[in-house]
Structure formats: C-alpha cells, structure tokens
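Below: a set of structures, written as structure tokens.
Two complexes, one shared chain (subunit A), two partners (subunit B, subunit C).
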Partner chain A sequence: MNTTLVKAISASPAPGPPFGPGAAKQTHTVAKLIDTTTCIGCKACEVACQEWNDQPFLIGAFEGTYQTLTDLTPSFWNLIKFNEAEQEGHLLWLMAKYQCMHCVDPGCLKACPAPGAIVQYTNGIVDFNAENCIGCGYCMTGCPFDVPKLHPRTKKVQKCTLCSDRVSVGLEPACIKACPTNCLSFGTREDLLAKAEARVEALKDEGRSESGIYNPPGVGGTHVVYVLAHADHPENYGLPRDPAIPWTVALWKGPLKWLGNLVLLGGILGTFFHYVRYGPRRYKDETG
Partner chain B sequence: MELSRRGFLRAASSGAALTTAFGFDARPALAQARELKISRTTQTHSICPYCAVSCSVIIHTLGDKARNVTPTVVHVEGDPDSPINRGTLCSKGLSLKQFVVNDQRLTRPLYRAPGASDWKPISWEEALDRMARLIKTTRNAGFEEKDGQGRLVNRLTNMAIIGGCTDTNEINYLLGKFRFALGVLAYENQARL
Partner chain C sequence: MRLDEPKVDRFNVVERVTHWLVALSFLYTTLTGLALWSPRLYWLAAVFGGGPTVRGWHPWGGVAFAAFFAFMFRAWNRQMRLEQDDRRWLRLAHRYAVHNEEGLPEAGRFNAGQKSLFWIQAAGAVVLISTGVVLWWPETMPRALRLTAILLHPVAAVVAIGGLIVHIYMGTAAVPEAFRGMIQGWVRPGWAASHHPKWYREVTRR
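And now, the complex of A and B:
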C-alpha cells in the first residue's frame, strides 16, 4: 500500500506526529527546481503531465501567443508561459513553467472548509482530494498564485499533484522526467536549493548579475523553486513579486473564526444563564 | 483476567470505534496517494519512431501478458537506461500513446483513384500489385543505361524515394537496397522533426 504521511489536513486539527504503520520511516521533503535560463519552451512537460494524468488533449482558441493555453484549467495543470517583457529597449522572451507551487504554508489548505479535501504530506506535497472537495472554491481565493481551478461540471477543484502517486513509490514527477534540456530537476528540497544557489553563482560569473532564486518567503517558501535570470523582476516571468496568503483569508480563518466561535458560545451561555436567572418568558395575562 | 478470542476482538473493535469518535482517526494519516497506474503493467522497451535522435522509450501495456488479456498501451515514458535520452522525451515522443491508441489510426490500405474525391479501402494484395505495376511502368519509361556521352550510368531520374520518419534502421537498410536496385538518384528521408 502506498502511504504518505500527513503534515496538515484542511479544516481539521493538526494531525500531530505521524503514527500508524510506516510512521517510523524517514521522509524527505521533495522539491522541483525550474531553471528558467535553460527552458526552450518545448512543452514536453505539458504533454508528460497530460499523458500521465490521463487528461484530455484540448484544442484552444488562438490568442496571439505561443502558449498552449492562456491559463491553467481544471484538466491542464502545467503550462509553459511565454512571457514577453521589455528591458532597456530590448525584448526579453522569458519562458517559465507554471504549476502549483506546493507552498510550505499553503493558502489553499488554510482557506479550505472541507475536512480532508486538501492534504499536505510530510514530503511537502500539497494534494487535493476530490472525494472530499465540496467545490466551494475558497482555495482559489486563498492561493496567491491563482493555481487551483474549479471544474464547471464536476464542481471539484483540481491542480498539479506533484505526481504524488509517482513520488510515493520513489519515482520522479512526470514533467521532471520528460524535460530534455535538464531545466527541471527533482530531489530533496535541501539538495535542490543548494543546486539552485550554485546555478545562480554560475550565472553571476557569466555576468548575469540579476540572477536569483525564487523561493518566496511570504508563503513559507515553496517546494517548486525557480532560478530566474532576472530575479529582480519576477513579475516578468508571470510570478507574483511578494506572494502571501490574502489577509482576508488569514483574518477570516484566524481571529474572525475564534471571534465567531466566542460569539456563538457567548450566545448559548447567555441564553442558558438568562433562563436560569429569569425563567421562561411569561405574559401578564398568563400570570394574572 | 482471562480473555477469550471473541472477547478480545469485541474489546478491540469497540476501542477502535471509541478512538475514531474522539478524533483519533487513522484514515487521514494513512491517506493513500493516487494509485500508481503503471505498478503492474508489462514494460516493453522500444525506440521512439518520430525523429533521427531515436530516443528509447518504455511502453507500458495493460496486463501481464497472460493468454486471456488483450493488452493496450496505457503509458509511454523515456527509458532512463538509454545513453541517448536518459529518460527524457520531447513533447512528440511523450504523446506516443496516441500513436497507438487512436481511432483515427490507419489499419488497412486506402485507395483514391485519380480524379476521385474519396478514399476506398482495398486489400494489401491489390495495393502492392498496383504499386509494383506503377513502379515498373515508370522505370521502364525513364531508365537510362548510358548517358549522352555513352558512359554507363544505370540511373533512374523520373522517380524519387522518400523514407518515412517512423522507419527503423532495418527498414531504411532495405529501402537503400531497393533504391540502388532501381537506380533511383533522388533519395530523401523525413527522419527529423
């Protein structure tokens, strides 16, 4: 049986230290590294994703771009964005793979009200469980990267699973395996962050001084890490500059939730004590 | 205290029910990741037919080759042991499943007569006979044994051979032989993307 230990479950208390069969096994946190400087936009990762997940191959409308589709869809979880930007009068054509970032502190999981619909495994994968999804779409509000998409017919939200099925048996994700230019790599998060740093150093030695790692701290870091040649302008790659869980979600799932619970409890207690103190309401003609 | 087997089982199951009721549900902790769709498939090693790079692929088919199973391709991915592609594949190679499992795939010869607007299925016999006849007629009409200055050339210039992108080494070897036998000079291959 493929079991993956759980770190967090939506709308449920923290599961605490792992228990049950397999609890003693060592788990690594896994990550994807996307070196955008070597992406050639071949879209092999897109096809690998569709093929592995048995998703339909869609024919979209032409929107004046080389992109397969303009955005992710419920049945298209991995998109190469062909970004165009201008810098000092030069055109930059920046290709970047775009999919779920598998945040260390996932906004989708925080926003989700359905127990068990979103699960974060100890290896860092944030997975959606369609069985428990109620289709409310709150995760779409909670995600600072605008990744989860609601399927209009099944009313389930779907996104990249980081191939949790493959990773749980020791395989790499389908997109990583496909990449012909070694732009994508997979391994433990520590190893890949070290690899990213080495790559950034190499790029700086080549004179690309704006190179850097995209591993945004606003969401606690991500399990999908980028090497950008223009790290000073991540928005040129279609990546938000300082992604964070929206304050509305944080407020509503934090203080407001407790305040709401207090109000509810206060109401019940107030009713109870009022009844004890004053008894049932009596009208004058009843008493008289 | 003596505990019979039945009593033990009863106590154990009621204990499990209690822990579940009080929030110690083991289910989410053992949340099963998606089932691996290739865990028990038959793996066949092959070569991607699309371009001249010849990446190695592993074709995963349904079933374990048992007699009563009709296998179908469920997944294709790169062969990590290949020194050529080391597991990687391009977008075309990754869609190989569609190459095999496809209701638009041609499985018999079709013939469109000159001037006709639609295709009609014909037998392999008929198709090969017609191709052989046309090749022979054309070759008879255009074969040059000697050139203008009387030198021996044995060439055929009114016909060309184009190899397909899905041809294997063996097919290309035979195609080369065939070309020399006919004397065809114009020879091209579409073995590229």
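And now, the complex of A and C:
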C-alpha cells in the first residue's frame, strides 16, 4: 500500500489541503517525460511494465506493424505505438509510448460513481483501486485518452499506476529504469518541464522547428509530458490534438446533477406540501 | 367490510399483476440507479448488495421493466390516446390540482393526467433502454454513442422518476381508494362516478 497523500477521490468531496503525518513534506508533483525524438522503439519499457506489475505476456495478432498489440488491455498498460504519417512528401515513422497521462484534471475520476475507486495523490498520480471499482466503465467514457480498460472477467478497470507503489517508496517507475536511451525520465514536474523546454530549444537549434512539448491544457496539463519533433501534429503520434474532459461528461456531473436533484427533491417536497395545503381529493357519493 | 358492498370492477387481474411487475422492476432499477447517480445516495448500493452487484443487476432490472412495460403498453395504449377533451383537461390541470374542477372535462377510464404519465413513461422507457444498452457494455460501444448515452440516460431517468413521484403520491395519498383499485381490482361506485364519470356511465349502462 502506498503512503502518498490524497488530492482527489472519486465520488467524494475534495479532501482539502493535505493534513496528517507527511503533510508538510510533500511540496512538489512528479512527472514522466517522454522524449519521442530519442525513442528507438525497443519496447524495454513494455517488458519492464509487465514484469514489475506481474502481468502475463500476451500474444496478439500481427497487424503489419512493429506494435506489440493494437491497443492497451486490462493487463497491458504501456504500449509503444508505431505510427506512419506522411508530411510534405516525407514518410515519418513515429514511435510514441502510450499509457495513462495522469491528467491534472482527470476525466476518469470525474466520471467515476464509486467512492474511492479512483484517487489522485497530491504528487499527481491518478490511481485505480480495484476493491472499490464496480466495473461500470464510466471512466472509459470520461477519459479523453481512451486509457482505462475493463477486464471482462473481473469487471475491474486497470491502467498504468505510474508505479505509485514504487514512487511512494522513493523509486522511479519501472519503465524509466528500463529505458536504454534515456528518452524516459522521471522527476518533479517543474524540473521535467524545464528539461523538456531545453530539449525543444536544442531541437529547434538543429532545425527541427516544429518541435514542442505535449502537455495538453484542456485537461489542466498532464503528469506524463512528451517532447515531440512534430508537435504541430500530435495526432500523427496517436495523441489527441486538444484533449479535454468531454462536455457531456462535464454537463452530466455538473449542472445536470444539480438540476436532477432539484427536480427529484422538488417532487418529493412538492407532493408532500400539496397534501399539507390541499389534502386528498374528496367526493360526494351521488350514486346512492 | 360489508360483503354486499357495491363494487365497480376497475382493473382485472392481468392489469393488476402487470402494473405491479412494472412497478417493482421500475422501483428496483430506480433505487439501484440512484446509487450510481449521486455519491450521497451510494449507501443504496450497500442496501442492494454492494457496488459491483448493483452495477451487474441494474441493467437486468431495466430489461425486466422494459419487458413488463411493453406488455402494459400493448394492453393500454389505445385507451391512453389523448383526445380533444384531454387536451382541454391538461390546459386546466392546475384547477384539478387545487380541487376546483370547474370547467374540467369529465374523465373516461383514465384522465388526461394519467394518460400523460403513461406516455411519459413510454418515452422514458424507450430512451432508458436504448441508452442503457450502450452503457451496459462500454468496451464494445463507440465512444460517441457512450458520450451521448451518459447524458440522455440520467435525463430520461429524472423525468421518469419525477413522473413516478407524482404518480405514487396520486395513487396513495392524494386519491384515496385508488390504491384498492390497483390491489383488489374494484372501487366504490361513488368513487368511480366522481373520478371517472364518463367511464362510470359506460360500465353501468351495460
């Protein structure tokens, strides 16, 4: 069990500022930086993820790409996507690690109806708790990155934990440990954003003027941040262009909830006070 | 109760059994659904066997409700058709609510309010079951459908439950003796003549 402080809990009031033992200590949030320009598609991170999380190795179907599987699964949380794109007559072969983005404003957590099934720690990690998960799959609809996957048998949703179990005891995530090119790094979010900016500067100096950081503001930013050589076309990497919590989810969990509660409560109170004021409908028996 | 009390048959046994199957399945589906609607009502999940159980059975409650309601619909939809008088009745419904029924057209077997409830529940059932199926198997449904369903399902539910709150109130407190009509199947002649005069004249003419 990890010892990190909690920032938000699904279907529960905001816990407020951290308190209790350790509250004074935690001042920064963590992040993972993925520099796609130095990723060689070796999939060491995929292996490390399966190993650390004790997950089986799965055999998929050959789809004509180097990609291990077509998508994440309930027991496969870290996928190197191999994308081919054409840009100005050039063929681009783009590799990008794909996993939970650990959003600052997570749509999964917003959509979840089960108290405690999803928690966001003050360090920024968004974690699923199987024991509280009821298997409704609302998180799958709330997530703008299509990350959570429902296990068909256990009816629990699973995804990357950012190795919250390792991070809470001061270790870096397993994927980071395995990466042979250092294209993955882990640290405080501020440090890594600075590092990403420096890297983008360097790339631009090399003439790769479309380079940029992928840290989408629509979800408040993410705790998994990318450096992309073609940041003007994130969709070429399989990343959504402007991810945000879907408006139907926001409406459903916001104004609609209030309106609905008002209608239901109003109905109960309204009928009650109708009775108090007007009473039942009486009749005079005129049939003899 | 007097054995020779004069009675008017209101609902036959098939109608009554159908009604209560609709009511029970709807109530179960409502209460399990409300557990997922608001964290403040999540305790309902514990009452009905815990979160995963509620998530597993709520859709089946909905299927049962839809099936029973379809049967009710087949039996009643002709009698529930809104006619000229009903439209007038609805315009003056506020008078019915305050027991000042001046100018209110006489009701047949069902008054316009009851008929409206029937159609609201019918529309609600169609939306609830079609969006419910989408939410049932999120892993197989296209994202755009899920995003629509997640909004429409609770909207339809609030409308249906809102209608039900009024209906239960009418069927129990607001209209004394109606409940016996739906349980034992008969009402007093005076009740029938006052609440459903047109219908009363029809059934007593024979």
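One rule holds for everything that comes next: the second predicted complex is superposed on the first by the 276 of 288 C-alpha atoms of A that agree within 3 Å, B and C clash if a C-alpha of one lies under 4 Å from a C-alpha of the other, contacts with A are read in each partner's own complex, and residues count from 1 in each chain.
Note that a contact is a pair of C-beta atoms (placed from the backbone, for glycine too) under 8 Å apart; a residue touches a chain by one contact, two chains touch by 3 or more.
Please read all numbers here as calculations on a predicted model, not as lab measurements.
After alignment on the shared subunit A, the placement of subunit B and subunit C results in a side-by-side fit free of clashes.
In the superposition on chain A, A:66 makes contact with neither subunit B nor subunit C. In the overlay built on the shared chain, the residue A:273 is in contact with neither subunit B nor subunit C. Residue contacts after overlaying the shared chain place A:12 against subunit B and subunit C alike. For the three-chain arrangement built by superposition, the Cα-centre angle with subunit A at its corner and subunit B and subunit C at its ends equals 130°, in steps of 10. By the touch criterion defined above, A:43 reaches subunit B but does not reach subunit C. In the superposed pair of complexes, A:51 makes contact with subunit B only, with no contact to subunit C.
Legend: residue contacts after superposition of the two complexes on their common chain; A:180 is shown touching subunit B, with no touch to subunit C. In the superposition on chain A, A:161 makes contact with subunit B only, not with subunit C.
Per the superposed model, the minimal spacing between any CA atom of subunit B and any CA atom of subunit C is 11 Å.
Comparing which residues of subunit A touch subunit B with which touch subunit C, the overlap comprises 12.
Subunit B makes touch with subunit A in their complex at residues 23, 26, 28-37, 39, 75-78, 80, 85, 87-95, 97-98.
By the touch rule above, subunit A contacts subunit C in their complex via residues 11-12, 111, 113-115, 132-138, 140-141, 146, 149-150, 152, 155, 246, 248-249, 251-252, 256-257, 259-261, 263-264, 267-268, 271, 274-275, 278-287.
Those residues of subunit C whose C-beta lies close enough to touch subunit A in the complex are 6, 35-39, 42, 45, 51-52, 54-56, 97-99, 135, 138-139, 143, 146-148, 150-151, 154-155, 158, 161-162, 165-166, 169, 173-176, 188-191, 193-195. Here subunit A touches subunit B in the complex through residues 1-6, 9, 12-13, 15, 18-23, 42-44, 46-48, 51-52, 54, 57, 116, 119, 121, 127, 129, 161, 164-169, 171, 174, 177-180, going by the rule given at the top.
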